[in-house]
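Everything below concerns the one structure shown next.
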Amino acid sequence: MNKNALLDVAVLGASGYVGRELLGLLDKHRGVRVVTATSESESRVDGVRTVPLAEVVERWAPVDALFSCLPHGVSGQRSVWAQDRGARVVDLSADLRLSSTAVYGLTEVARPSLGAAGLVANPGCYPTVTLLGLIPLASAGLIDTDRPIIVDAASGVSGAGRSPRRELLFGEVAEDFRAYGAGNTHRHLPEILAGLRPHAGDLDLVFTPHLLPVRRGILATMHVPVADGMDVTQVQRLFTNAYADEPFVRFLPHRLPTLRDVVHRNLVAIGVVPVAQVRRPMITVVAAIDNLTKGAAGQAVQNMNVMFGLPETQGLAC
Amino acid sequence: MNKNALLDVAVLGASGYVGRELLGLLDKHRGVRVVTATSESESRVDGVRTVPLAEVVERWAPVDALFSCLPHGVSGQRSVWAQDRGARVVDLSADLRLSSTAVYGLTEVARPSLGAAGLVANPGCYPTVTLLGLIPLASAGLIDTDRPIIVDAASGVSGAGRSPRRELLFGEVAEDFRAYGAGNTHRHLPEILAGLRPHAGDLDLVFTPHLLPVRRGILATMHVPVADGMDVTQVQRLFTNAYADEPFVRFLPHRLPTLRDVVHRNLVAIGVVPVAQVRRPMITVVAAIDNLTKGAAGQAVQNMNVMFGLPETQGLAC
Amino acid sequence: MNKNALLDVAVLGASGYVGRELLGLLDKHRGVRVVTATSESESRVDGVRTVPLAEVVERWAPVDALFSCLPHGVSGQRSVWAQDRGARVVDLSADLRLSSTAVYGLTEVARPSLGAAGLVANPGCYPTVTLLGLIPLASAGLIDTDRPIIVDAASGVSGAGRSPRRELLFGEVAEDFRAYGAGNTHRHLPEILAGLRPHAGDLDLVFTPHLLPVRRGILATMHVPVADGMDVTQVQRLFTNAYADEPFVRFLPHRLPTLRDVVHRNLVAIGVVPVAQVRRPMITVVAAIDNLTKGAAGQAVQNMNVMFGLPETQGLAC
Amino acid sequence: MNKNALLDVAVLGASGYVGRELLGLLDKHRGVRVVTATSESESRVDGVRTVPLAEVVERWAPVDALFSCLPHGVSGQRSVWAQDRGARVVDLSADLRLSSTAVYGLTEVARPSLGAAGLVANPGCYPTVTLLGLIPLASAGLIDTDRPIIVDAASGVSGAGRSPRRELLFGEVAEDFRAYGAGNTHRHLPEILAGLRPHAGDLDLVFTPHLLPVRRGILATMHVPVADGMDVTQVQRLFTNAYADEPFVRFLPHRLPTLRDVVHRNLVAIGVVPVAQVRRPMITVVAAIDNLTKGAAGQAVQNMNVMFGLPETQGLAC
């Protein structure tokens, strides 16, 4: 590839919330041009002409990079198909995240593998915020894995997609708040556990997602059992060092993050506090992301940048 | 007191969110009439004329019942003062909740003591929802107190009162979500622990409140370590039995509650699920209330009803 | 009918926003019992068992009163069918509002005709708020019909119903505001004009509805050309007198209403201001209702009360 | 000034909603550097260090451009003061908008005067959206000035500033909607009339602002009496031509704009529809802006760009 040439890029599934966000980011990215975008329901998305997926499949034209924002169950096989035809692929569905055919693209961890990757599984939104909040503790051996980690997380509604469903109507969501997937039944739990395993081995984690009456953003409150004798200054130093060179992770030494810190940014913001009045030491880590940027489309662009040797921050000004 | 006569009632601090809610409930209550209401900032609240507190103090006219919704720090001493002048008092502030001079008015627990009570400390909103979600497990001896209970709770903004503060402006709260009082620093923790102590002794509990972009309602997600061998059917039977005769507690056998179930009602709704994929048994209890009704004004009326021998549900149709 | 007996009532289409609101009101109404409720999508609505409409049709059991909240296009013929089978009917759809087979049930105007009515067309939400804001001026001959009345009105999303449509998702409606049906194309315009005609003859009116990011409530801002020489005191006296005995209309002499004044109440609140700095006299009338109560279910119950000789306010405490 | 040098810029009043927005825009602008920012309440705004205004006044250091976002009543005199000290000033308050000492900076109209301007009064948010929606009609002589224009406009709460006031609390604004400044009493009316006068002479206009439960954005629905014989195609051609070369005005030929089209953009979006069923011809113009960008900070940067001969769109990618 000519260093100065633009990458030709395709986006499958461009009219959902993630697809639109991705098109918006790619539009401002000076290193790419979107040559193909698909949608079954809209013929234009933010000014970009789209065609039905079937048309792309029938008349395949090679691209450098392909993003698949197709629904779970459909996306994975289409991504493999595109890779077979020469595209380097970022798949944003859950289909390939636990598979060995794809690199799991939590950029901050996967960076060394991305340069040669042909197929990247972009992490889920909850796993992204949870893993980036826990991995520094896990890899420093500071988590007491005899006791469970408790993660209560809350997401804005764009995380549930843009298909019309009664429970996502404004009249149902506004002024409401609810837990869903309680009792460790949510499909993101195995992804979180798999992401922690290389750093901390097996451990117990209770993950409960909630639905917030906001459009975008996830806040995860994580209660972490830590080794005796830990003090919070140590933990703060650990986070500060771990993320010192990361352009898209911000550790807040003096306060906890809120959605306001991250919305519309490709950014994870993290804060910690020690837990008082308990017999065995714990800390509470609070981490926030925008589910559509660092939790999906932003991280996908970040992955593409690293895959193709572009500056990691290109098109993702924080 | 003549059985058919109306109770004469005073409300101190009627123009805050709790005071207004209380006036609204008392207005529909057929057993009382509001003879005095105070406000420093408004001369009428929902059609009821108010006077400054100083005026009431100077020209004290006896009432049967007095509710104090004055600010913390001011309310307690004024309630004691009113009790000294013959009123039976429900104090809605935090001032007397940990004191032995008042009955702690979690109605479902305190009922036997209310008939003779001259001074009742109405519970805080977070303690109400937390305690009613945990006490059945605690008094059945099913909580494993060697391990901590984790409570992540989220409240609508009316819980923070009606005084103008920048962080409560619509422009700050809308589309945001944040933890506050993390690390066990919130003043409701001691109240929760004190409420559990008679039922379960001392235990560890991590309590983290969050601010929701809704006007009213609290949802508490509580992760409870339970004895080995417990199954969820047993727990469901326990809750069903514990609350079978309670007019203002609803156990949902098949699902978890949401704010929608309780808003504008004097009601706690509770559901439970077992936690899968952890080595030591836990259950997740989710409980919801409206912070202004069962979490404040509604419970205050419920307490008054019991104190004066009125039907407990009068004026509180669920 | 025995004066002390309960009315047997049926509700067709109970699971939409209007149907649910209606069931809630009827549940608290001491003069009726709901013996039949239909829904195609839910087997229970707020604790009331429902059956599919087809089942009611096949095994018709007589009722005293029937409310049809079925969709436009279906509702009208079903209401006529029920009337033929002996029920007195309130139809909440748009189907019969411009037809001579039904009494147009704007209660404050229709009261004399309701006692004998077998079929009542419940007014639309926008027409209700607009007509009650304009009729006093119209019937006093104060509107200058040579110039157009301009009505800009905004409604919460429950006015659009509970069927899943993409444009009603939380992610689409929150933080947005839009005009729809601009240019006098909305189907409520003929209903408004027909409602004004008996009072003011033909006139020009520009009606533009907007979609608000709230759940319930309509606010209409109406700019009315008035006769030369009118002063605002006169207008205020006019409104005060016109609505002096109306339990569900509140004229605010000193301020304009907001949604907050009317939500969850069967109430129209109205205020007026003179328009300064224009050459020919105009006044601005602002009126507010809750689209689900006075704009639909509440007014339906109010109509039923009058039809059956019950106290007009029964079950509708304001 | 060296063509390649950065402009030194000062921002007075940086911690309000407008000030913060402006800092955010300037931070991404490649032609300037912020050397001074003031705030009385916060020592940092979005990472920029601020000092109290008094400090800047005492130790004045020359800048190329100065933006004043100080409160009305304070801002104007400070802007004049800064101009006297050699800065070219954009004043964002209302103080100088009707004064002859400043150029009225509605960029699309004022462009020819900006190159030499030392002091620019940045237009109000409501006047910006109203004037850009009406001026093409006005300057083409198509408005029938014998009849009044009716403008009903609704704004998000950031338009009311960030000072804590009870009526702006989340608990008051959420789920509410209200008119304010009805009856032509709002201070933006004279500004709107003054802005129209050069194009259409004196005319009658009824302007009613409303408060929306959203954070940002203004939508103005404008009912305009037009000359007999006008057809909507003509009007559309007029708007298309008038704004063909404007980077920050988008005429939508086939639909009306919503807040969604403009939020977070320096953009006015405009659509028109003819009004049916009225005897004398009218059209409805709907226009939308983000009150913090094109309605304040964005237009201020746009003005600065033109004043200093920078590309007009620099730092304002749409």
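Every chain is named by a letter (A, B, C and D) in the order it is written, and numbering of its residues begins at 1.
Definition applied: a contact is a pair of C-beta atoms (placed from the backbone, for glycine too) under 8 Å apart; a residue touches a chain by one contact, two chains touch by 3 or more.
What you see is a predicted model; the values in this text were computed from it and never measured.
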*Between chain C and chain D, which partner chains are common?*
A, B
*In terms of C-beta pairs in contact, which of A-B and B-C ranks higher?*
A-B
*Starting from the mean Cα coordinates of chain B and chain C, work out the distance between those two points in Å.*
37
*Averaged over CA atoms, how far is the centre of chain B from the centre of chain D? Could you give it in whole Å?*
47
*Mean-CA-position distance for chain B and chain A (Å)*: 38
*Among the residues of chain C, pick out those that touch two or more other chains and give their numbers.*
156, 172, 174-175, 213-215
_Contact set on chain A toward chain D in their complex_ = 28, 174-175, 264, 317
*Flag every residue of chain A that touches chain B in the complex, lowest number first.*
147-148, 150, 152, 154, 156, 172, 174-179, 182-185, 189, 204-206, 208, 210, 212-217, 219, 221, 223, 256, 258-260, 263, 273-280, 282, 284, 286
_Could you list, by residue number, the parts of chain D that touch chain B in their complex?_
17, 156-158, 162-166, 168-175, 213-215
